[in-house]
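One chain, chain A, appears in both complexes that follow, with chain B as partner in the first and chain C in the second.
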Partner chain A sequence: MYGVIIEGLLESLSITNLILIFLSTFIGVIIGALPGLGPTIGIALLIPISYGMETTTALLLSAGIYVGAVYGGSITAIVLGIPGTPTSTATVLDGFPMSQQGRSLEALAASTVSSSFGGFVSALFLMFFTPMLSRVVLKFGVAEQFMLAMFGLSVIAVSSRESFFKGLLGGFFGLAIATVGYDPITGYNRFNFGVDYLADGFPFMVVVIGLFGISQTISMAEKAQTISGSTELSGSIWTGTVKVFKNMRVLIQSTLIGSFMGGMPGVGGGPANMIAYTTVANSSKDRDSFGKGNIKGVIAAEASNNATVGTALIPTLAFGIPGSTVAAVLLGLLMLHGVEPGPKMFIEMPLTIYTFFWGLLFTNLILVLVCFPLLKYFAKITIVPYQILVPNIFMLCVLGTYGMRGYVFDVFVGIAFGVLGYFLKKANYPMVCIVLGLVLGRLAESNLSRSLMIHRNLDFLYKRPITLTLLILTAVIMIIPYINIEKIKRRLRKN
Partner chain B sequence: MRALKKYLSIDVIMAGVILLIIGIMAFNGYVMSNLSATSLRYPTFVFTVCLVIGTLEIVKGVRKNARTEFKMPVFTNKRNFFFVCGAIIVYASLLTILGFIIASSIFTISYILYTRYEKPVRIIVTSLVIVIVIYVVFTQFLHVNLPQGLILRVIFN
Partner chain C sequence: MKTNKKRFMLVALLICFIFVTACAQPAPAPDPAPSEPQPETPGNETEQPSGPTFPTKPIRIITHSEPGGGVDIFIRALQPYIQFELGQPIVIENVPGAAGRIGTTQVWNSDPDGYTLLSHTLPLTTVGDIVYDAEYNILEFEHLVAFDKTPYVIAVKIDSDINTFEDLVNESKERTLTNATSGVGGSMHLQSVVMKDALGIDYADIPFNGSAPAMMAVMTNDVDFAILPFDIPLTNLDEVKVIVAMDTNRMPQYPDIPTVLEEGYEFELISIRRCIVAPKGTPQEINEILINAFEKAAENPDYLKWAEDRGVNLEILTGDDYYRIAEEAYEMVDKFKDIFQ
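And then the complex of A and B:
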């Protein structure tokens, strides 16, 4: 086995393959940075081009596009406050406030290094721990996935400390919006007013671009300044990089969460980066500064979303079950090139598979080389006057909403959510809670319904060890921010 | 009206808007559709929590407003807000008729002229180049169909 691994290493290190990885990563970053496009579209575009290519070449190109696009979503999330992909939604929460403080370069550097680290570790997991991780992932049934969604929702407690009820209302509003469309169990269409457009519910990216991007554009139009509030940038690539390594605990914690969640079929990078963000925010001493430009928020979100890349391929390659939409498209690409996923694959074409694994590993390192020289140009967007930015950002929002499905109606839905988001922001409703409800709503409902069908009642919440642990953790996280430790200490001293 | 204004603030209005949206959804799901109890179980729970918290938020807001005269202004610049909202709605409406290039160009030029930015010609030319580059990249390389518009379709066909 080790012989094949080394052969794969040597194959992936050839100059041609390294150039291929470099170019595809660059293309992936650009695709990811454009709102509405993402890794799925990137790999889908590669399929027709890859017909005449060798299997290894096609796989290496897909690795570059996948990693680059997942990372690329963070660029617009940090610089403009518009998540380029659903997996970078949590990045906006602290990344954009950092840009507003003139620290965009620092945030972008932190995002690049964290993404690279998360992706690298995840690729290592894919290469060496596929059998072990598959066993652990299989222990997470529907009940556990429901509790995981509940655990993710506990971020409401952290994000809404200033007004708990507003956070809670926002979260449940997000959950309510997520119920529009077909019922995940019975398949009936609900709350769609007989309109076919709503049969699948509100498109997630359209709502997110509306709530974050369009509402932000409207706010910008009211003022005449720049995102950073000045014409000069503070912070540097070096500061951002150093801060990532100073927060090793956050980096490792988020990478592990992302790697684990990536391996669970149907979960994907969106919930993973929200849950990693929640966990880090809840376990940090400076939890009050989350959402206001805390670099740990960027590290958590970015390390976790890129950490899903490698492990999402574990169920895809080991069982032929795609862990995410991107993995499903990648599965199509693999099958087109005659690679049949499953245990046999490692026996029949080991060299191709291990070259692909090494390619994925190197892509994450090359990501830093591709992106670092570009960061200062991305950061400069934050010192461009609003008068120039507003029409161009809105054009990007239109591309993001229209480009996904080609419906002009999506643009109108985005505008409606943009105006709603503008007023909700004015009323101090934390946007993170609404988006959290939207991201985790479907996951929570489908898994709760399935659990109830299997267990008949809610006993599973405390009868299964993993769900019980998650239940306790969720309860603790919800309560802790509201416990005044200083007050308790004073009382204890008095007594 | 003035008495009502005393109790209203953006907080109260937005809680009301959320409740209104939930109410419309509930009306559609419970009255207009014939859905099974299983399909409505989870939404019923979510809507009920929204209703309870939304009502609490409104009561809290009204009580707070009754105590204080000061209310945070909603708009920083009302004129700009209405202009940009109107412009984006017109832009989106014109997308299919005029196509991406013409609609985006009109939107960009009118916005820059409205804001009276210095050196408008240079900025307008740059923005138009960006519009064309985006159109070409998306349609030719990324195979994303952007609206061509009726005018261009008539000319090219």
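And then the complex of A and C:
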């Protein structure tokens, strides 16, 4: 087996393959940076083109696009405050405030380095621990997935410290939007007003582009200035890089969360990104500076989403069950090339598989090489006057909403959410709570229904070890913000 | 200097726009030119002299599957061979959503000129028509060709007490078993409902989001069993075991697994079929050209090899034969439509 691993390494290091990885990573970054286009569409675009290619070539190209696109979403998230992909929603929370302070270069560098690190570790997991981790995946049934979603939702309680009720309302609003579309259990069409375009619910990315992007352009159009408020940039790539390694704990913590969430079928990068961010935010001493341009927020969000890339392929390769929509498309690509995914693959075409694994590893390193020279230009966007920026961003957003599924209907949905988002922002509703509700609503709802259908009562919440652990964690997370540690310490000292 | 950089950025953004517009459809053809639908203009008709003039321009095949989904992969693998037979580019377009209803309706409303076709999965579109009141009438499409047949098997967790179909029937009388389906109204659900009705047994159908998650539910021990497409669990035989084949004959993949009939039970068996239809009213001679081309494409040795490697169970039915199968599916769904709602 180790012979094949080395052989795969040599194969992936050939000049043509390295050039392929380089190019596809670059394309991936661009695809990811465009709002509405993400890794799923990127790889889907590759499917018809890849037909005539060698399987290895196609796989390496998809690795580059996948990694590049998951990272690329953070560029738009940091520079413009619009998540370029669903997996970089949490990046906006601290990345954009950093840009507003003129520290976009620092944020972009931190995002690149932590993405690269998260992706690299995740690819290592994929390469060496697939058989082991696939056992863990099998421990997560519907009840566990429901509790995982609840754990994610509990984060609403802590991410809205400024106004608890506004956060809660936002979360409920998100959950309410998530109920539009067919009922995952009965198949009944709910709240779609008879429109078949809404039968699958509001497309997540369209809502996000509306809430973050289009609302942003409206508020920008109000004043004449630049994102950073000045015409000069402060901070450098170097400071951003150094800060990542100074926050090693955050980096490792969020990489592990991301890797874990990525491996859960049906959970994917979006929730991973949010959950890692909030976990880090709440376990940090400087909790209050999150959301105001704390670099740890960017590190957590970006390390975690790229850390889902490798592990999302674990259930795909081990069982032929995709861990995310991207993995599903990749699975399709594999099948088109006549590759039957599953344990058999490691026996029948080990060289292809290990070349792909190495390719994935190198892509994460090459990412830094591809992106560092570009960061300067991306950062410049934050010193472009709004008069020039606003029409361009608006056009990008509209195209993004259209590009998701290719339905004009979605453009109007996006604009409607944009107007709504503008007013919600004015009223200080935390957007992150809405998105959390939206992201986790379906996961929670469908798995709760399934658990109830299977277990017929709520015993599963505390009778299974994993759900019980998650239940306790959820309770702790919800209580934490209301405990004043200093006060308790003082009281203890008195006694 | 400053303005130069700004200009660079604007140009870069514009390039991005062009890129997005070019990629707006999730799956354009390798050749971007034919992805624009070209409406049949009246002027074109005068250009049709005698002789076989179809097709004179690219043909669009719309599939209701996501890129990378079951039908999508199937039709994309076939595409080069269809292209070869027809001598015109074949553009495959994904119009997913609403359990296939959006894509199917789009083809229903297209011009019946043979240049827009639908690649669909058989019981799915039927359910859309009957249960969800879709705009189209599935039986009124021009039925061109059904390519394959994916029968079901019943799978349980590897360490389950249920070892035969009989065990399953008996066990279902003692306690409430659970069965994972791919979703309400899906063909896995339909098969389950038909089976329950015929055997007079009962168990809970738990809907999941597709057949892969349904198999996962068996593997995580969430459900007792699942009725799965025969080609799915092959790779997971160390996690699940197949106890019965829901087909008329034993399956080559599972030579040791008896069929339901061999086990002494008889009920209607449902199979997924991946098919091609044309909008209602497409001229007969065009239909024949298309049927001929599809049939030849699916018999291409290179394609047959792909199908064999993938475990695709080809069973080509054309025209009336296909229509008969579609009609049977329609009657079955119609009979059980109340259960789905």
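As a convention for this text, the second predicted complex is superposed on the first by the 487 of 495 C-alpha atoms of A that agree within 3 Å, B and C clash if a C-alpha of one lies under 4 Å from a C-alpha of the other, contacts with A are read in each partner's own complex, and residues count from 1 in each chain.
FYI, contacts are C-beta pairs under 8 Å (C-beta built on N, C-alpha and C of every residue); 3 or more make two chains touch, one makes a residue touch a chain.
This one's a predicted model, so the numbers in the text were calculated from it and none came from an experiment.
Chemist: Give one of first, second, both or neither to describe whether A:Leu399 is in contact with chain B, with chain C, with both, or with none.
Modeler: Touch partners of A:Leu399: chain B and chain C.
Chemist: Going by the contact rule set out at the top, does A:Pro341 touch chain B (first), chain C (second), both, or neither?
Modeler: The answer is second: A:Pro341 touches chain C but not chain B.
Chemist: Could you say whether A:Ala176 touches chain B, chain C, both of them, or neither, answering first, second, both or neither?
Modeler: The first partner, chain B, only.
Chemist: Check whether A:Asp200 is in contact with chain B, with chain C, with both or with neither, and answer first, second, both or neither.
Modeler: A:Asp200 contacts chain C only, not chain B.
Chemist: Would you check which partner chain A:Leu93 touches, where first means chain B only, second means chain C only, and both and neither mean what they say?
Modeler: A:Leu93 contacts neither chain B nor chain C.
Chemist: Output check: A:Met264 vs chain B and chain C. Expected answer is one of first, second, both, neither. What do you get?
Modeler: Touch status of A:Met264: no partner.
Chemist: Looking at the overlay, does A:Leu443 come into contact with chain B only (first), chain C only (second), both, or neither?
Modeler: Touch status of A:Leu443: no partner.
Chemist: On the A-aligned overlay, A:Thr186 touches which partner chain: chain B = first, chain C = second, or both, or neither?
Modeler: A:Thr186 contacts both chain B and chain C.
Chemist: Looking at A:Pro391 after the superposition, I want to know if it touches chain B, chain C, both of them or none. Which is it: first, second, both, neither?
Modeler: First partner only.
Chemist: Share the list of chain A residues that count as touching for chain B in one structure and for chain C in the other.
Modeler: Shared contact residues on chain A: 37, 41, 45, 185-186, 188, 388, 392, 395, 399, 402-403, 406.
Chemist: Considering only the defined contacts, which chain A positions touch chain C in the complex?
Modeler: So the residues of chain A touching chain C come out as 30, 33-34, 36-37, 41, 43-45, 47-49, 51, 138-143, 182, 184-189, 196-197, 199-200, 265-266, 315, 319-322, 328-333, 335-336, 338, 340-344, 377, 380-381, 384, 388, 392, 395-396, 399-400, 402-403, 405-406, 446, 450, 453-454.
Chemist: Show me the residue ranges of chain A that touch chain B in the complex, using the header's touch definition.
Modeler: Touch residues, chain A against chain B: 31, 37, 41, 45, 165-166, 168-169, 172-173, 175-176, 179-180, 183, 185-186, 188, 190-193, 214, 217-219, 221-224, 385, 387-388, 390-392, 394-395, 398-399, 402-403, 406, 408, 411-412, 415, 418-420, 423-424, 426-429, 445, 448-449.
Chemist: Could you list, by residue number, the parts of chain C that touch chain A in their complex?
Modeler: Within the complex, chain C touches chain A at residues 5-6, 8-10, 12-13, 16-17, 19-21, 23-30, 66-69, 72-73, 76-77, 79-80, 92, 94-99, 101-102, 105, 132, 134, 178, 183-185, 204, 206-209, 212-213, 215-217, 219-223, 232, 234-236, 238-239, 306, 309-311, 340-341.
Chemist: Once bound in the complex, which stretches of chain B touch chain A?
Modeler: Counting only chain B, the residues touching chain A are 10-11, 13-15, 17-18, 21-22, 25, 28-29, 32-33, 35-36, 38-43, 46-47, 49-50, 53-54, 56-57, 60, 72, 74-77, 80-81, 83-85, 88-89, 91-92, 95-96, 100, 104, 107-108, 111-112, 115, 117, 123, 127, 130-131, 134, 138, 142-147.
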